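Which chain is which? They are A, B, C and D, in the order written, and residues in each are numbered from 1.
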Amino acid sequence: MSLVAAGCGSSGNSSSTSTPAAAGSTSTAAAAPTGKKIKVGLVTDIGGLNDRSFNALANKGLGDAESQLGIDGRVLTSKSNADYVPNLSTLAQQKYDLVIGVGFLMADAMGKVAKKYPGTKFAIIDVDQTSLKGKPANVEGLLFKEEEGGYLAGYLAALYAKDHKMTTISSVGGQKIPPVDHYIAGYQAGAKAADPGIKTLNGYSQDFVDQSKCKELALGQIGQGSGIVFQVAGQCGLGALDAAKSKGKLGIGVDADQAYLGSHILTSATKKVDVAVFDTIKEVQAGGFKAGTNTTFDLKTNGVGIGKVSAAGTKYQAQIDKVAKDIVAGTITVPDTVK
Amino acid sequence: MTAPTPSDHRGPAATRLLRHLSVGGAVAPLITTIVAFFVGGLVVLATGKDPLTTYKAIFDGTGLNWLLPWSGDRALAATNLQQTLINTGPLILCGLAVAYAFRAGLFNIGAQGQYTMGTIAAVYAGSSWAGLPGWLHVVLAMAVAALAGAAWAGIAGALRASTGANEVITTIMLNYTALWIGVYLFGLGGPLQANDQPDVPVSNDIVGGAKLPVFWGDKDLQGLHVGIFVAVLAAGIFWVVLNRSRLGYEARAVGFSPPAARSAGIGVGRTYVVTMAICGLFAGLAGSLDILGWQFHLATNDISASQVGFLGIAVALLGRNTAIGTCFAALLFGALSQGTSVRNLDPAVFQPELAQNLTTVIQGLVVLLVSADVLLASVWRRRRARAGGGGAAAAPPTPTTLGSVSP
Amino acid sequence: MTPPALQLSAITKRFGAVAANDGVDFELRRGEIHALLGENGAGKSTLMNIVYGMLTPDAGEIRVGGEPVTIGSPRQAMKLGIGMVFQHFMLVDVMTVAENVVLGAEPTKGALLDSRAAVARVRELAGRHGLSVDPDAVVEDITVGQQQRVEILRALDRGADILVLDEPTAVLTAQETAELMTVLRGLRDKGTSIVFISHKLSEVRAIADRVTVLRRGRTVGTVEVAGPNPPDEAELARLMVGRDVLLRVEKAACRPAAPLLDVRDLEADDDRGLRAVDGVSFDVRGGEIVAIAGVDGNGQRELVEAVCDLRAPVAGKVTVGGKDVTGRGARHARDCGLGHIAEDRQRSGLVLDFTLSENLALRDVDRRTRFGLLSPRRMLARATDLLAEFDVRGGGPQAAARSLSGGNQQKVVIAREIAAGPRVLVAAQPTRGLDVGAIEFVHRRLVAERDAGRAILLLSLELDEVRNLADRILVIFEGRIVGELPPTATEEQLGLLMLGGGGATSARASAA
Amino acid sequence: MSARAASAACAAPAATAGWAGILAGVLALFVALPPLTVRSDALVVVLGALALAAGAAALRGGERKLGGAAILAGLLGAGLGYGAAHTATGGLEAAVSWGALGGATLRFACPLIFAALGGLVSERSGVVNIALEGMMLMGAFFAAYGADKTGSWVLGILIGMLAGAALAAVHAVFAISVRSDQIVSGTALNFVALGLTGYMYVDVYGADGTPNDLPQVPEVHLPTSSLGFAGNSIDDQNLLVWVSLVMVVAVWVFVFRTRAGLRMRSVGENPRAAETVGISVQRTRYLAVIASGALAALGGAFLSIGSVHSFTQNMTAGKGFIALAALIFGRWRPFGLLAATLLFGFSSALAQRLPQLTPGAENVATLLQALPYVLTLVAVAGVIGRSIPPKADGVPYKREG
């Protein structure tokens, strides 16, 4: 069986949290279940739990919190968009202390439900709280500076490419939506910073599920000379990494640390949804919920970063660490829109 | 002339069974459903769970236990029932869209595409014309959606009428064409993509006045909108049109015998077009219910995720293509999808993800058994024809008839 | 003495309650042409389907060459040397002649078909038996007569020495019929035993050595026709029908009024785009019955369809009561006063799954509505009246049309068409497949409608019917009207015209 | 039928003109694209005009279809060529790299070829197979499952094919023996397959998905990359892609050149006729339907263990229906459906690449995804010559008596 960064109850063998830029994450710090027994519900979007990145990570965060913080967790997957409102409101009705919505597609439903249940604490990943209708005060937006992780990944890719006489690197997006474009913008900026002469390709598969579509896009890019493919398309993107593998090129994973896929994974641009979920739960347990605002997870807070760097990239570790420091220090500003 | 070679000879036991199956038309679908659930139960059993507990849990999740006043959590049951009925409305309409075609001898696999065109039209109409009075806006949006569905289905009807193109193939193709049109319209940079969210592949929200009134439950939390009444009303209209109007009469005549209809002066081609258009009206209306009732906008992935039109095929078949049967079949399928949702089905009883797939299997089995059951009904009819006296010579078998199995 | 090629004893075959064959005996000698004669539904085809293994008899014995056999499938039949030429050809239209002939016994070369060998085999066989046909032609492109040859060739290819032909001349032109006769005689002379199913007396007398007559599933008797004292047609007919056949319809003298149906220079194509009606002109006056006589397949069907606007004519004009109905659609024609008793009542006359009341409303459903909706009560009431008036038995207005006997079904059709009060009534083979009582009813009704002043166009393949009913007879041959005869014309006169003979002298009839 | 069409095509000079016109139209676009990338309008326009002239000549010679096609090709070729000549070369090279497009076309086409061949075998015997989608899905899941459990992709493929054949056998029972409406039972089996594979997937693999070390069908590496775009298209294709192409030939030989194929066709055209010459309609149809399930499953197996090396729920996503479309578009003929699948594959490949050509209006390219369906609509409507199914296709058969 695979080493998978997700799965109910299989939270022990976490491998996603070692980043070169900073020390271990908060989630590994706690040892034994402590604290108040609160009830936390998680509602996924229609991608399902086995997307191996986004929903899976959120689920893992909840699992970590169950085992380490001793909370009661429940996950509701959504089969269709008709499930969002009922899923969220069911949890609220059942007096869950915290209800977390995963994903961008749930913004509308979250706005409505949160307004109806002002006594329940809500958090929503990837959505700016201020963009919700009526700006409900009991919602915390959990945002990520995906572009910072993308930047590091792009920087590393370009360094590697330059040394290996590759002229081009590329990225495969699922759909042209903000969380995806943040990654790609950072990736391209990082690459140009490392090697201004490098060519970057980008394409969207219009799909987050069908792997063959991403695989084709990636093969096309490899055909145009791309030596490294960065996937930003959830489950579909696994096809892009598969393309890189079968063509003897390198791939860069997304969201979770996808190094387990093999040695062709140069690194992963990580977005620690699990950390965000875990931290938010911990906060609520401690009585410190930041309602009505956003919490941004960035390189500084170790909310984004890059995953395990493969053997091929270890020699650039020092350079990457320096860039990471510069970003944290604010000397490098990373753009978040694709030009 | 060929000699009379009637082909059916059955013992009295089989006859009795067939009679039972055919009485009132309700027994056979019930048996079909029970068999399908029985098979589903075996699957549950095979996984080491208790089928009865599982089905009880699914039943509770449907909210139908609300009808049993002594049941536990009334509020939860009410919410569940609202969601079940929200599912049911469009399912009724899509079922009618398939059933009406069946009655005219056409197989409308295109309810999904007609539904999609309905949602697109509804979202367009609902998000435009903000100045209209509410009731007018709702009615107009529903009308536009129904017409869009009708036009889309009419293509298949027109192709059948003018070139004989098989509507099964054309409607399948139209389904996918509708899907990509939707993805194009609401995708980034698409002509109908939301003005205020340039980064999201979604439509504009419909305006408040275009929303269907919610009469049970919280109107902000996807309470039950009046669409269910629209659907039931449509089923009534379906019955009237089919059984009491010239249109329906002609459609049935064409369905049973195109040459006889033609010979009687009924325009067969025209009937195909009109019939398909009526199907499209139903399916398009279904689309408008979802948009105006609870969804309020349409994202590209909503279009590809929707299955309601396909389920309409199963609904119509289980409902024997009748108005009342379609309503009950839609309720069954709507309830099943609600009852197996993760929030309602306790994973300790049965894993909801499995239950959802089990539901699909049960739906498939229902349709499969119905396909055999249609045969039984036909055999019964032929038998009765023969029993009517002297009818033997009246029914020379053709290769297409569904006669008996025994020589 | 050698045993007979084929001997059937006491063959019984039931379909439900009906016995299609009820203890039939039949004997086919070696090297004879043996006609199997009987009315429609007498059980001829059933018997031969049993011989060919398509049906299994419920009782009885079959001997081939003296040996008792059971024939469970066509394959077994072929092994026993039995070949069959079906009335509806068993050919695959999109394949070539050679492929059709060898189908089931294909020559192969290794794993592949050897089509060259197939063609050679067919060519050799065709040459040997004088059945000229192009082995490479695709079946759907050749004439019906040639298609029949393909069927015969296939039977011969399987080594058939018993050949069964089911009504082989029904679809042939006179020329083709003559050729077929020659071929069959040739085969007989080479030793093939032939069963020739027919209900045409003249044909039987011309070709057969012996005739066995079937009536209502039973053998009536076997007579020699090639011998010194051949029975005449009347005798055969009596055997066939079981009584004196001349069904005289009592009718008053014809009092023709003004023309109500006028057909001018009508041209129409058949389904394959070939010209089937080729410049037909005639008219029918009120108060007369005009019959169109001809061998099946000479454009009758297309003519009826063109007149009733069920088929778009290529050229020409049809008027009903002075109103042009050409190409305006069947409903318009009907609204102008055209009634149509369709040739095939089960296919196009009735919606078999509709109730009688629904069927009776087919023509004028728009007149049975109230507030735009159908009124089942009114439909039922009217149906009850009509069913009583036309003496339809076997079910009330709520019964499905399917449940009625053929005769009663036809009464429903006639009731519907006549109740609409048409000025012109087109009756296409109105008595096909009916029993004697029903035939009489139909005939009397048609005459009554004539006397009521309607113009009646009758198309029939039954010469007796034509001569009995018609006031004038038009003969159609290859899509043209080749002559007009009075009802007093003899069968020989009619037959000559129908086969294209003598038509050369007779101008295209355009009675007026 | 094929023989006649071919002879008609070769006979008349008008037909030659028609084909020449089509060629000129295609060339008009081709010269404007990489690698030639001619930047002048003149050549494009001249070629387009040639196509129009040839088309007109063909029309006058009575070749209506070919002439029309040539004129269409001329207009489209010249129009698109003109557009291409005025587009930045960078974008052009990104979007139109023939080698990659060719390769992608083959990969998109491969599962469709298998499934459409399956459909061909079934429908040529007279059984409509709308359950191709479900059979592919069975193949996709059980190939992955089998490969996982046995550790061998060969066994995986076999198990997948068996699963597809099993579903097909159910279809056969209902369609042939019970004489159900074939479309209804096919529709039902699509539901069953979707539910069954989904159920087993969740049950066996749960939230983790199929393992990463799933045995894979190997790729075939050919040293052809130096041979221009054609070589580039095929140098690195999955073994199953090659199998699918071989299968087209094999099925063609079977259907049109063997005894069993002739008999199968006769059953699909006129079952009663077949029976009268001693061919068992039932047996022929059973075998054909079951074979069709195995073939469609092979297409599914390509999707799971050939292409992306994992299984996901409903991963066929309507490909079975596209295969059905290709079958119709290809007029129930192996090479016809091959051409159709390649066209569909090409349009999918192009739809993915075109956005790079038109930054800012990427979305328009999504419309190209609808092309296979629209083309099929046009085909069944008879605009490009009527697509006529086998005569007994979809008609249940029963013996008399």
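In this section, a contact is a pair of C-beta atoms (placed from the backbone, for glycine too) under 8 Å apart; a residue touches a chain by one contact, two chains touch by 3 or more.
Which chain is which protein? Per UniProt: A = BMP family ABC transporter substrate-binding protein; B, D = ABC transporter permease; C = ABC transporter ATP-binding protein.
Nothing here was measured: the structure is a model prediction, and the numbers come from that model.
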{"item": "Pair of chains joined by more contacts [C-beta pairs], B-C or A-B", "value": "B-C"}
{"item": "Averaged-CA centre spacing for the pair subunit B and subunit A, given as whole angstrom", "value": "40"}
{"item": "For subunit C paired with subunit D, centre-to-centre distance based on mean C-alpha positions, whole Å", "value": "46"}
{"item": "Mean-CA-position distance for subunit C and subunit A (Å)", "value": "78"}
{"item": "Two or more partner chains touched - positions in subunit A", "value": "176, 206"}
{"item": "Residue list for subunit D, restricted to those that touch at least two other chains", "value": "272, 362, 366, 399-401"}
{"item": "For subunit C, residues that touch 2 or more chains besides their own", "value": "15, 49, 55-56"}
{"item": "Every chain pair meeting the contact rule", "value": "A-B, A-D, B-C, B-D, C-D"}
{"item": "Residues of subunit D defined as touching subunit A within the complex", "value": "93-94, 97, 99-100, 103-104, 107-108, 205-209, 211-213, 219, 232, 236, 303, 307-310, 312, 315, 317, 348-349, 352-353, 355-356, 362, 366"}
{"item": "List of subunit A residues in touch with subunit B within their complex", "value": "46, 75-83, 85-87, 89-91, 93, 104-105, 108, 112-113, 115-116, 175-178, 181, 206, 208"}
{"item": "Contacting residues of subunit A [partner subunit D, same complex]", "value": "1-2, 4, 6-8, 49-50, 52, 56, 59, 176, 201, 203-206, 209-213, 215-217, 219-220, 223-224, 235, 238-239, 242, 246-247, 260-262"}
{"item": "Footprint of subunit A on subunit B - complex, ascending", "value": "75-76, 79, 83, 86-87, 183, 187-188, 199-201, 218, 220-222, 290, 294-297, 299-302, 305-306, 337, 341-343, 352-353, 356"}
{"item": "Subunit D partner contacts - residues on subunit B that touch it in the complex", "value": "5, 7, 43, 47, 107, 109, 155, 159, 162-166, 168-170, 172-174, 176-177, 179-181, 183-184, 187-190, 313-314, 317, 351, 353-354, 356-368, 370-372, 374-375, 397, 399-403, 405, 407"}
